[in-house]
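A short write-up of the structure that comes next.
For reference, chains read A, B, C and D in written order, and residue numbers begin at 1 within each chain.
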Amino acid sequence: MSDVAAERAAPWSSAEMMAIAAARLLRNDDVCFVGIGAPSLACNLARLTHAPDITLIYESGTVGARPDVLPLSIGDPELCETARTTVSVPEMFAYWLQGGRISVGFLGGAQLDRFANINSSVIGPYDTPKVRLPGGGGAPEIAALCRQTYVVMAQTRRSFVKRVDFVTSFGFGEGGDHRQRLGITTAGPTLVITDLCVMRPDPTTKELVVTALHPGVTREQVIENTGWPIRFADPLDKTSSPTTDELSTLRDLQRRTNEAHARGLARGQTPRAQPEGSDPLDRGQIPQVSDPLARTT
Amino acid sequence: MTEFLSLHDAIAAYVPDASTVALEGFTHLIPFAAGHEIVRQRKRDLTLVRMTPDLIYDQLIGMGCARKLVFSWGGNPGVGSLHRLRDAVEHAWPRPLEIEEHSHAAMAAAYAAGAAGLPCAILRGYAGSDLVAHNTNIRSVECPFTGETLAAVPALRPDVAIVHAQRADRAGNVLIEGITGVQKEVVLAARSAIVTVEEIVPDLRAPSPNSTVLPHWTITAVALAPGGARPSYAHGYYPRDNAFYIAWDSISRDRDQFTRWMREHVLESSTSVEAVA
Amino acid sequence: MTEFLSLHDAIAAYVPDASTVALEGFTHLIPFAAGHEIVRQRKRDLTLVRMTPDLIYDQLIGMGCARKLVFSWGGNPGVGSLHRLRDAVEHAWPRPLEIEEHSHAAMAAAYAAGAAGLPCAILRGYAGSDLVAHNTNIRSVECPFTGETLAAVPALRPDVAIVHAQRADRAGNVLIEGITGVQKEVVLAARSAIVTVEEIVPDLRAPSPNSTVLPHWTITAVALAPGGARPSYAHGYYPRDNAFYIAWDSISRDRDQFTRWMREHVLESSTSVEAVA
Amino acid sequence: MSDVAAERAAPWSSAEMMAIAAARLLRNDDVCFVGIGAPSLACNLARLTHAPDITLIYESGTVGARPDVLPLSIGDPELCETARTTVSVPEMFAYWLQGGRISVGFLGGAQLDRFANINSSVIGPYDTPKVRLPGGGGAPEIAALCRQTYVVMAQTRRSFVKRVDFVTSFGFGEGGDHRQRLGITTAGPTLVITDLCVMRPDPTTKELVVTALHPGVTREQVIENTGWPIRFADPLDKTSSPTTDELSTLRDLQRRTNEAHARGLARGQTPRAQPEGSDPLDRGQIPQVSDPLARTT
């Protein structure tokens, strides 16, 4: 069965698999600093399945949010209305993130390299960029101050690159003990979850190594979609297929979300059809919530 | 004492060309009506400060009001790029835009330092990030107790802060509820502060002794602007217009279409766009 | 996860001899019941940290629990001296007391730095004050932008924070209302945190989305202690017993009378004094 | 008429005169950082007479308090219940005091010297004090960060000294431009109001000079109660006598206050009679609210 056929045959999309794989890695007692897009989807899926008490913190200041639909922005009304408390943004970054209260931070970006450094700033030179991306937002400090970070992003040869154009968020730098040498005391990106596989850093070199393939995904597919000579763990695990419950919970959440976001459109405006992910780096697999440019904030 | 002004008069009086202006509101309570008034008054050479430029700065930048942008995340949340911001940075359209780029943590701390009368903020920030090399306003200090190196950024002290709030009382005291972002900080950090409000009421109806209330003597001018945060939202008043945020992606992608939209909905609107949008 | 413990068990588990303990509450919500339990358990060699030592530290010091005091104002508010504190400093009774003295501004900033995971706080503080010469924990840093000299103090990170609050829900989330002082900061700054509460309820009844709520995962133990702040007060529950504060002046002036009072009202009380006081 | 006779004859006490003189100097648009005791009395008297809109801030975090009775402590329930808002103590000191929002700060202490430096820490050497005083509390930063400060304290030769034992709160240091040399940009102690007179700093040397005598008070009385060779302005003003309204408002406030503070005494306790001001530095002229040791916080 060819890769394409495998994916076509599977009763779930690779983006769904990515969200489910990420959700499974979260624990009921985790305190997550959640970005919009794939992280928000994964965290809320975890909350609606195996981790009902998980604490979701959004950088807008909402602590313990339990949204019924996914927020489009980091500060949708749904978040504040369902949160245990909402604090100011300076307090959020000082007491909650920098204060070391977060067990898992989520990151994504336009480019990730083999030491899990992330670029969400520019493609091309900083001063004369080919593509000006939204920027770091909370990411530079999420990368350094959460006890560990999980990277969730769709995998392509253009996004998984040998060396990022710009280090917005420091992962393992040049590898080895580079974090320690900078005085960073947290574990850093301990997991990378893509739509194809799960990667973890080698304990010593800190280079990302594939530790599990998602169902139907081949080594070749991963190699093809990675911009450096990617290594595979031995033995190599296989991600279990999504359960019926996971899939239906995920799809219900997305349906509610898409319905909610289409409501309340400006009176008198004639909106275009829902925009396609036409950004050069956007695969647009999950409409509205999968734009990689929007993931970190 | 707080002046009660029309939005037109408040912007005319306190937002001169070439001033440093911070319209704040973290997703919530973004002062769109005030931003549109700045566009209508054709302000020029502004230094725009804001953590998340959002659609309102996309509009100001696209209309050529800005010389410089100080920011930490410049996207359309959950949707993608701010096309006017990108066009300005990538192609200098309609004019070149200087940028000073920070992280959220640093900008939030810089506003807090401004409110606190400090010259700088310190934080565990920017560790290993290339942002340091591209922004001379990111420096460091050594902790005099542990010897650790901490990042330092200068306090933000805009000439004028503009925020939107739920309500003011007749003395000019202002209540902000819900996601309060950096609004208190920017008002206290700025040399003058304009607050647009949903309502002016006899009693603020603060639900708690600890509610976020800005006393009238911290505010320069209050302007009534019901719906003044649309398509952003006002907790307790109206929801976020997420569909408009999604629609903005296509409205703003093309220069001509953007300009047409701005002419129709902002420039030629006697009131601001939130009345129609 | 938060443990629900009796006050006895919470103090026994988390306040070992020689630990650094901060019982906070700025006039309001002072955790007297917890302080009395520390006295009853005969804890020794504590480093007591508190902006305003108040009657509760006068009692702990007079009963010989403390080796050191870190503070910024050590009086009986509106009444006069804390006689037991004075006796300890002036005459080493019942044992010598080392002091580390700050200003309120510095201590508040030091707690905030502790909560924020910073090694130190910076402030425009202590200008021209002789306090600097008597406290090696007051140093300075130079602003890397303006060159100004700012005071610096080390972050406060007590071993255990103890605060009193209005209520907790059954998950251990805690609501604090009214004068919140440095309670949020000390809880977040400390390695462990004990909260005594007036009530444990199914629903916190927070009046505002911005109410001061400490999530359960920031709190080590919750202990039910109705009236646990008396003779201080709990906003919404009972008033401050100002007459007792005034009476304390004469109770505490004499060593024997003080000791008698403590024996009768604290040591020999099966519950804590606030049940009788 | 001898001094004693003059005072006995006056239908008001010298402590009342001090409070009234201080209250008169406050403006309707002042934002005051208020200490307990004499400052709180003066500020609330101003609010209840000519300055109804004056903003009173207490360091416990209460902004715009309008207490019906004087608080015994800096954080009495009355303050929070009547305040426009109550903020945390770190915010109070950072945003409101250090942020430069206070037009008038009040100070008092056990000792004041001719350059208006104040001691509220120790009598005698710091490490082996004869009297350990409560300490600075908010005072060191009130002294440096309010746009100006007013000192309100009862005047005796023991409290108005040539040189304070310990500078808790810096006034004009050694005089002249000493404040400027330390980088302090605020005006400092522009007024000292005692129970005998009003003093202001000489514009150049910054030494305190008597600018007005309270009614019935003589130069000799001031000289006798000052520990340095005190100078008098020429011409020398005379404070106007308290008006009937000022006196009745003051006395009503104190009566309400004393009644309130006597209530709610601990059940089962047998309190002593209201304690006399037996502290060595306390003249005890206004029971419960005049203890100089309690003034700065």
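In this text, a residue touches a chain if its C-beta (ideal position, glycine included) is under 8 Å from a C-beta of that chain, and two chains touch if they have at least 3 such contacts.
What you are looking at is a predicted structure, and each value in this text was computed from that prediction instead of being measured.
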| item | value |
| --- | --- |
| Comparison of A-B and A-C by number of C-beta pairs in contact, larger one | A-B |
| Averaged-CA centre spacing for the pair chain D and chain A, given as whole angstrom | 59 |
| Where chain C and chain D are represented by their mean Cα positions, the distance between them in whole Å | 27 |
| Chain centre separation in whole Å, for chain C relative to chain A (CA means) | 42 |
| Residues of chain A touching at least two other chains | 80-81, 86, 94, 98, 145 |
| Residues of chain B touching at least two other chains | 112, 117-118, 123-124, 148, 178, 180, 184-185, 209-212, 235 |
| Chain-chain contacts as defined at top | A-B, A-C, B-C, B-D, C-D |
| Chain B residues touching chain A - in the complex, by the definition given at the top | 26-28, 51-52, 71-82, 85-86, 89-90, 101, 103-105, 108-109, 111-112, 123-131, 134, 148-149, 178-182, 184-185, 231, 233, 235, 239-247, 249-251, 253, 276-277 |
| Chain D-touching residues of chain B, taken from the complex the two chains share | 1, 112, 115-118, 173, 184-185, 188, 206, 209-213, 215, 217-218 |
| Chain A to chain B touching residues, read off their complex | 36-37, 59-62, 71-77, 79-81, 86, 88-90, 92-94, 97-98, 117, 121, 126-127, 129-141, 143-145, 166-170, 173, 178-179, 182-184, 260-269, 271-272, 274-275, 277-279, 282, 288-289, 291, 293-294, 296-297 |
| Chain B-touching residues of chain D, taken from the complex the two chains share | 29, 31, 55, 63-64, 80-81, 83-87, 94-95, 98-101, 145 |
| Interfacial residue positions of chain B with respect to chain C in the complex | 117-120, 122-124, 137, 139-146, 148, 150, 152, 154, 177-178, 180, 207-212, 235 |
